[in-house]
Structures are given as structure tokens and as C-alpha cells.
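So, here's a batch of structures to check.
Presented sequentially are two complexes of chain A, the first with chain B as partner and the second with chain C.
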Partner chain A sequence: MERNEIIERVKNILISVLNHNRFEMKDELSAPEVEGWDSLSHMAIISAIEEHFKVTFKLKELNKLKNMGTLIELIQSKL
Partner chain B sequence: MLFNSFEFAVFLPIVLILYWIAFSRSARSQNILLLIASLFFYGCFDLHFLALLIFIALFNFKIGLVIAKGKTEKRKKMFLWIALLFNIGILGYFKYFDFFYSAFLKILGESAHSFHILLPLGISFFIFQLIGYVVDIYNEEIEPCYSPLNFVTYIAFFPKLFAGPIERAQNFLPQIEKKRDFNYAIIADGLRQFLWGLFTKVVIADNSAAIANNIFDNYSIYSGSTLLLGAFFYAFQVYCDFSGYSNMAIGVSKLFGIELMQNFATPFFSTNIGDYWKKWHISLSSWMMNYVFTPLSFTFRKLKKTGLIISIITTFVIVGLWHGANWTFIVFGLLHGFYFIPLILKNSMSKSSIVAQGKSLPSIKEFLQMLCLFTLVMLTMIVFRTETVSLGIKYFIKLFSRDFFTAPVISDKLKTFITLFFIVFLIVVEWIQREKQHALQFEKVSSVYFSKPVRWSIYCLLILFVFCFKGNEQDFIYFKF
Partner chain C sequence: MEEEYSIRKATLNDTDFLAEVIIGAEKSNSEKISLCTLFNIASDKIKDLIISMLNEEIEGCEFSISSFLILENKGEPVAAVGGWVEEMNDEPPSSVLRSNLIGFTFPKESILTLRSKATILDGLKIGREKLSLQIEYVYVREAYRNKKLADLLIQEHLKKALTEYPLLKKAQVQVFKNNLNAIKLYERNGFNISKIFRSENIEIFEHLPYNEKILMEKII
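And now, the complex of A and B:
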């Protein structure tokens, strides 16, 4: 799957979990910059990504995520 | 040797002079002095457990290296589990053995028995730092520390040794790996933060303690409205005691050129419980989020909101238990966990952690939300204060009795009104400074509220308040945790 397509799909997942689109998808985007993306909603987002892409993450992999760029790369590595 | 004691007023200047003059040649010499001073400081309180502290720190230092060098994932995991069992085992033995053993005997129908195990001071704080350290190495978030001197200094650093902040290695260790240069701005800021902490502790917390103690100790003879007043003063006692201690600890640390993490960010100016826990005892709540809630919510993620609710309630029961081996703390944790359920169900997370950002006053809605949140938190503090859960329930029942609508009985009117005045003063200053790291943090350029004469007037006033209105000395509440 193309990187841009993954980005687009992750964007739609974020919109559906957080109920808003007030963020700009870029590699440097980090969770605290996105309204509502906090420790309570984090796993809901991760779980939705896993279901959508039919992948499974390890906690250790999630702990290393720094920003959107590293999340997209992690998804890409599992497809 | 408490921060607000005469002994500390002698100890601190001596260590500072040695640190910035005689031991200032290299990072190593600075750290040697800090370690000696820290061990002396701990030894003054708790000579019995000094060797235990050093042993636990060195054990974790070594096992951190072993985990990092582990050739296979299996080996790394095995040593992580050894480290976790060792740390939790020590904490469990000293802090919880008596409690669980008595509970076990009760289940069997036998009478309770206590071994009277002494609790090493600060154990909950330094054990949590050590657990965080080994987990972070296992998760490859940090490199292990290769210097035993630096590592033991990190764990034993006296300003944070007894009651935190629960400092993460990645924040602390890089600061002591390089030589610290005398920086007037940081040191002046440390002095200001210490002054604010001292004021909130000795003036507000200690005076509030006298009022709250009287009401809690004699709750059966007072009206509901008086009990509400008792809970109000106790809430401010706990806040000013612990945030005061934290500000003093962070302030003292800055005098050595070391910046510890912020531990309180005006938590009573929160509009929901999630927001509150981002601002109250931040070093503990962020630790719990990283090492307890995240793994739990990851494990239960397929259960969606139910999984989140299980994770948050379990996390807050552990938060409660962290405070001590007593059912009252478990109930305290449970109540806070339950407060999160509406947030999870409504999916309504906090938009901003600073209320009325950029404005002078909150909106009526924000004000009511803050008042409601404060009331909910204050009610949980009743059970935090009482010795048993049944006493807490009796206090609740009495509080909401019919005489709730009568005027409260105030035994020492002058002291109560003076303390109330200082609480209002605290609320005003902290509201204005709510976006800052502490109430007396000022930019170099004079702000509208705080021109130079105003700032110096505040310092002088605070010093005057400390000397003229200090309450009877009370132990720091969080020392016993």
C-alpha cells in the first residue's frame, strides 16, 4: 500500500474516533497537538488502526512512536 | 531535617557553598558532594535503612546494564522480571505485608496480627523511579547509566528523596552527566519557588491542619456545614502541604543547577477529572499512565470502552494503594476511577489543560465546572483523611444531615478567617500565574500585574507572612507514603 494511502486512511480513522478534523496530517504531528488525542483515547485509536489494516502492534513498538511519521512507518512495515 | 527546619537552614548553605566553590571543578566532583550530602540527609532521618537504599540502587544499576546488554529478547525479559519482582517485593514487604497479612487472617476468621514492620522513608518514591528506569531500558527508550556514582546520586538526590517528584532518569541523568555552571537566573527562580512552597506549607497547610484536625477529630459533635468546612480546609491542607513540599524540593534542586519536573500545575483550576489528574501530583500520575494504565489499556483494547473502564479503575486503585496500606486509600482510588467513567462514556476529553487561556476570568460555565470538580475531589479527601472507611462513611452521613443548612461552628474565628484570607490570596496569585511552572515565576520583562516593585513587595510580604502567621509545625503528609 502506498504511503499516501495509509496517511489518508489513518486520517479518516482519527476523524471517526475523535469526531473532528481539526488537525493537519504531517510526519511531525504528535498526539498532544491533536485535540482529544490523550492517554484515554490513544488505545481506541490504536485499536481502530489495527482493525482497519488487519495488523497487530506490540506495546514496545507503540512506546517507541514519536510522531505521525513513525506511526505510518510502523503500519507500512506490517503490511 | 525538614525543609522548613533550622537544621536544614544550616545544612543547605554549607552544601551550596561547597558545591559552587570547593567541588565545582567537574561534574564528578559535584556529584560526589551531592551523593555525600544526600546520604547524610537520609542518614539524619533513617540511619537503619541507608545501606538498604544504596543496595537497592546498586542492584538496579547492575540489572539495568544486564538488561541493556541482553543478547536475546527472552533474556532481557527475564532480567526485567527479576528487577520488577525485586523492587515490588521490597516495596510489598515494607509497605503492604502487614496489611495483606491482616486482611488474609480476617478472611480466615482469625484476629489481626501486626509485625510492626518499619517503613523506610521515601521508599514508594525511589522504588517507582527504579521500576521506571528498568522498564525504560527494556523498552529501549533510554540507554542505561554506566556510572554507579551518577546513578546512586540520581536515586538519592536529597531534595526529591523523601517525597518526589518521581523523576524520570531521562530528565535527571543528562543534567548530572555534565558540569553545572552557576546560573543566576535559575538560582533566583529556585529561591522564589522555594519561598512560595514555604509560604503555602507553613502558613496555609499548617494553619488549615489545625482547623481540619479539630473538626475531623470531633466530627460527631459538629453540624454538617461545619464538617463541610473541615473537608474544605483539609483539601487545602493536602494541596498546600504537598505542592508546597514539591515547590521547595524543586526550588532547592534549582539552587544546584538541576531542574526537576513540575509536580503540580494549579489542579483545582480543572474542569474535569482527567484535567485534574494531569495537574495533581504530575510525576505520580504520569508514572501511572506510562507503566500501569498504558499496558492495561493495551491489553484490554479489544474490549473498547469496557476495557478502558477496567484499566482506569485498576490504575486508580493502585494510585490509592500507593499512598498506603489502608482500605481508605483503596476507596479513595476507586472513587477517582469512577469519576472517569462519564468521561470515557461521553468520549469528551479535555480540550485544553489551561482554563480560560489568555483571559483574565473564566466563563460562568468554566467556573461552575471548576467548583463542581473541586467539590467532588474534596469529598474523596474525607476518606483520604479518616483512619478507617467506616469513619469516613459516618463523616459523610453527618455531613449531609439536616443541619447542613445551618451556619458552621467556628471554634477559633480569628485563625479561621486569617487562613481563609490566605487561601483566597493563594487562589488569586495562582490563577494569575496558572500558565507558569510556579506562582512566583516571572518573565524578565515586567508583566502588567508584576512590575519590579510589585514583585519585591510580594517577596517581602510572603517572608513576613511566614514569620508572623506560621502554623504549628506539622509533618509533611506525603513523607509517610
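And now, the complex of A and C:
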């Protein structure tokens, strides 16, 4: 899957979980910059991404994520 | 009989006792275990889930074995307190580590359950200050209470944190307002009330010990 397509799909997942689109998808985007992306919604976002892309993340992979760019790379590495 | 207390770091062999500690501390003067009520987990299942999280050996949050100091009486663990320096060594925030651990360990349907209850917690979410010592999960077995054992563990945490991170400036602890014994314990050890957080949602009482949480701080 192309990187741009993954980004678009992740964006739609974020909109669906957070109920808003007030964020700009860029590699540097981190959770604290996005309204509503807190520790609770984080669990739902990761769970929804796993389900949508039919991938499973390892705990250590999740704990290494720094921003949107590293999340997209991680998804891409599993497809 | 004479008591012989000693304090040591927790190890992988302590997961059973640490699960008792976390469950006991979560109750905070009530019978509610938020890890059960918020995630719709049966109380007889939560111990195994907590042990699974501890076994992942993730450092830097409240489910890290390395966060705990254990106080023993003649080799028997009787009390424990968790404590870590927030985001030390460029670790992610403890809230992220905790979420990842729960998301990784708990059944998927329990995560969905929490999402449906998320707004209940509005008003009670307290951030943890980067590079401050975070004290969490203070527990003493019933037979050993009123002996100031938790005081010894908190003082040891402060000493240990200062050794590992000499630039440490602050320690923080979050406590439910109904837990008067805990508030007195922290005040005795130099913590002052910094801010009170409150949830106006009455459903909170079905899930948490109380609707108000206090952030207490100690300047080091």
C-alpha cells in the first residue's frame, strides 16, 4: 500500500475516534498536539488501526513511536 | 515478636505481591477497582491481567516492576510503594506507556467499553510533570498499618530518585480526596496540596472511589 493511502486511512481513523478533523496530517504531528488524543483515546486509536489494517503491533514497537511519521512507517513495515 | 524490616527493589519474583499492592491501592478507601469498573473486567480476572502487564518489564510507569520498592518483615513482603521519574531517559510519558500496556494486555472489548465511558473521567485527568518523581500505588498489608511503614518507603523513593537523577526538583502524588489517611501520610512527608480536580458527573461514583482528586507536590 502506498504511503499516502496509509496516511489517508489513518486520518479517517483519527476523525472517527476523536470526532473532529482539527489536525493536519504531517510526520511531525504528535499526540499532545491533537485535541482529544489522550491516554484513553490512544488505546482506541491503536486498536482501530490494528483492526483496519489487519496488523498487530508489539508493545515495544508502540513504546518507540514518537510521532505520526513513525506510526505510518510502522504500519507500512507490516503490510 | 521483634520485627525486622528491610527495603529492597521489586523483582520479577514479586509480581503476585505487586498485583495485591496495585489492587489494594486502587481501592483507595473504597471497594472499587477502577481497572475493573472502567474496563468491565471481573474482579477475579484483574490480578492475572496486572501480572501480565508487570511481566512485560516496561520501565517508567505505574505498571513497571522497576518502579516499586518493597518493605519486608523477616523476608515477607508487607508493604510497597511505586515511584519513577517521569519521562527520564527520553521515555514516552507514563500515560502512553500505561495505555499501551493496557491496550496490549486487556481484551479488545474492554477497550471499547472504556471509550464509551471516557467522558465520565473529564475533570479528573491530571498530567504528570516531566522529570518529576511520581509516587503511585502506596500499599501496606492490614496487619502492618499505623506503623509508618509507607513513610519509610516514600523517603527511600526520594533518596533513590535523587541518586539516579540529582537534578530532581519535585515529587508529585495524586490522591482521592476521600483518602484522608493517605493525605496525612503525604503531608507528613512534606507534600502540599497543589490543585484539586473534580468531576461533576455523578456516574463517577460507580467507577472510582471518589469524584475529587488532589495533586500534592513536594519541592526537593
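Note that in this section the second predicted complex is superposed on the first by the 79 of 79 C-alpha atoms of A that agree within 3 Å, B and C clash if a C-alpha of one lies under 4 Å from a C-alpha of the other, contacts with A are read in each partner's own complex, and residues count from 1 in each chain.
Everything below uses one rule, namely that a contact is a pair of C-beta atoms (placed from the backbone, for glycine too) under 8 Å apart; a residue touches a chain by one contact, two chains touch by 3 or more.
Everything numeric here is computed off the predicted structure, so don't read it as measured data.
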(request) Answer with first, second, both or neither: which of chain B and chain C does A:62 touch in the superposed model? (result) both
(request) Identify the partner contact of A:19: answer first if only chain B is touched, second if only chain C is, both if each is, neither if none is. (result) first
(message) Contact-wise, after the overlay, does A:47 reach chain B, chain C, both or neither (first, second, both, neither)?
(response) both
(message) Touch test for A:72: chain B only (first), chain C only (second), both, or neither?
(response) neither
(request) For A:31, select first, second, both or neither according to whether it touches chain B, chain C, the two together, or no partner. (result) second
(message) Per the contact definition in the header, classify A:7: touching chain B only (first), chain C only (second), both, or neither.
(response) neither
(request) Once the two structures are superposed, pull the chain A residues common to the chain B and chain C interfaces. (result) 38-44, 46-47, 59, 62-63
(request) Within their complex, state which residues of chain C touch chain A. (result) 56, 58, 91-92, 95-104, 108, 111-112, 114-115, 118, 121, 125
(message) Residue numbers of chain A touching chain C in their complex, please.
(response) 17, 31, 38-44, 46-47, 57, 59, 62-63, 65
(request) Under the touch definition given earlier, write down the residues of chain A that touch chain B in their complex. (result) 19, 35-36, 38-44, 46-47, 50, 59-60, 62-64
(request) Using the touch definition up top, name the residues of chain B that touch chain A in the complex. (result) 139-141, 274, 289, 293-295, 297-298, 301-302, 304, 307-308, 312, 340, 343-344, 347, 349-351
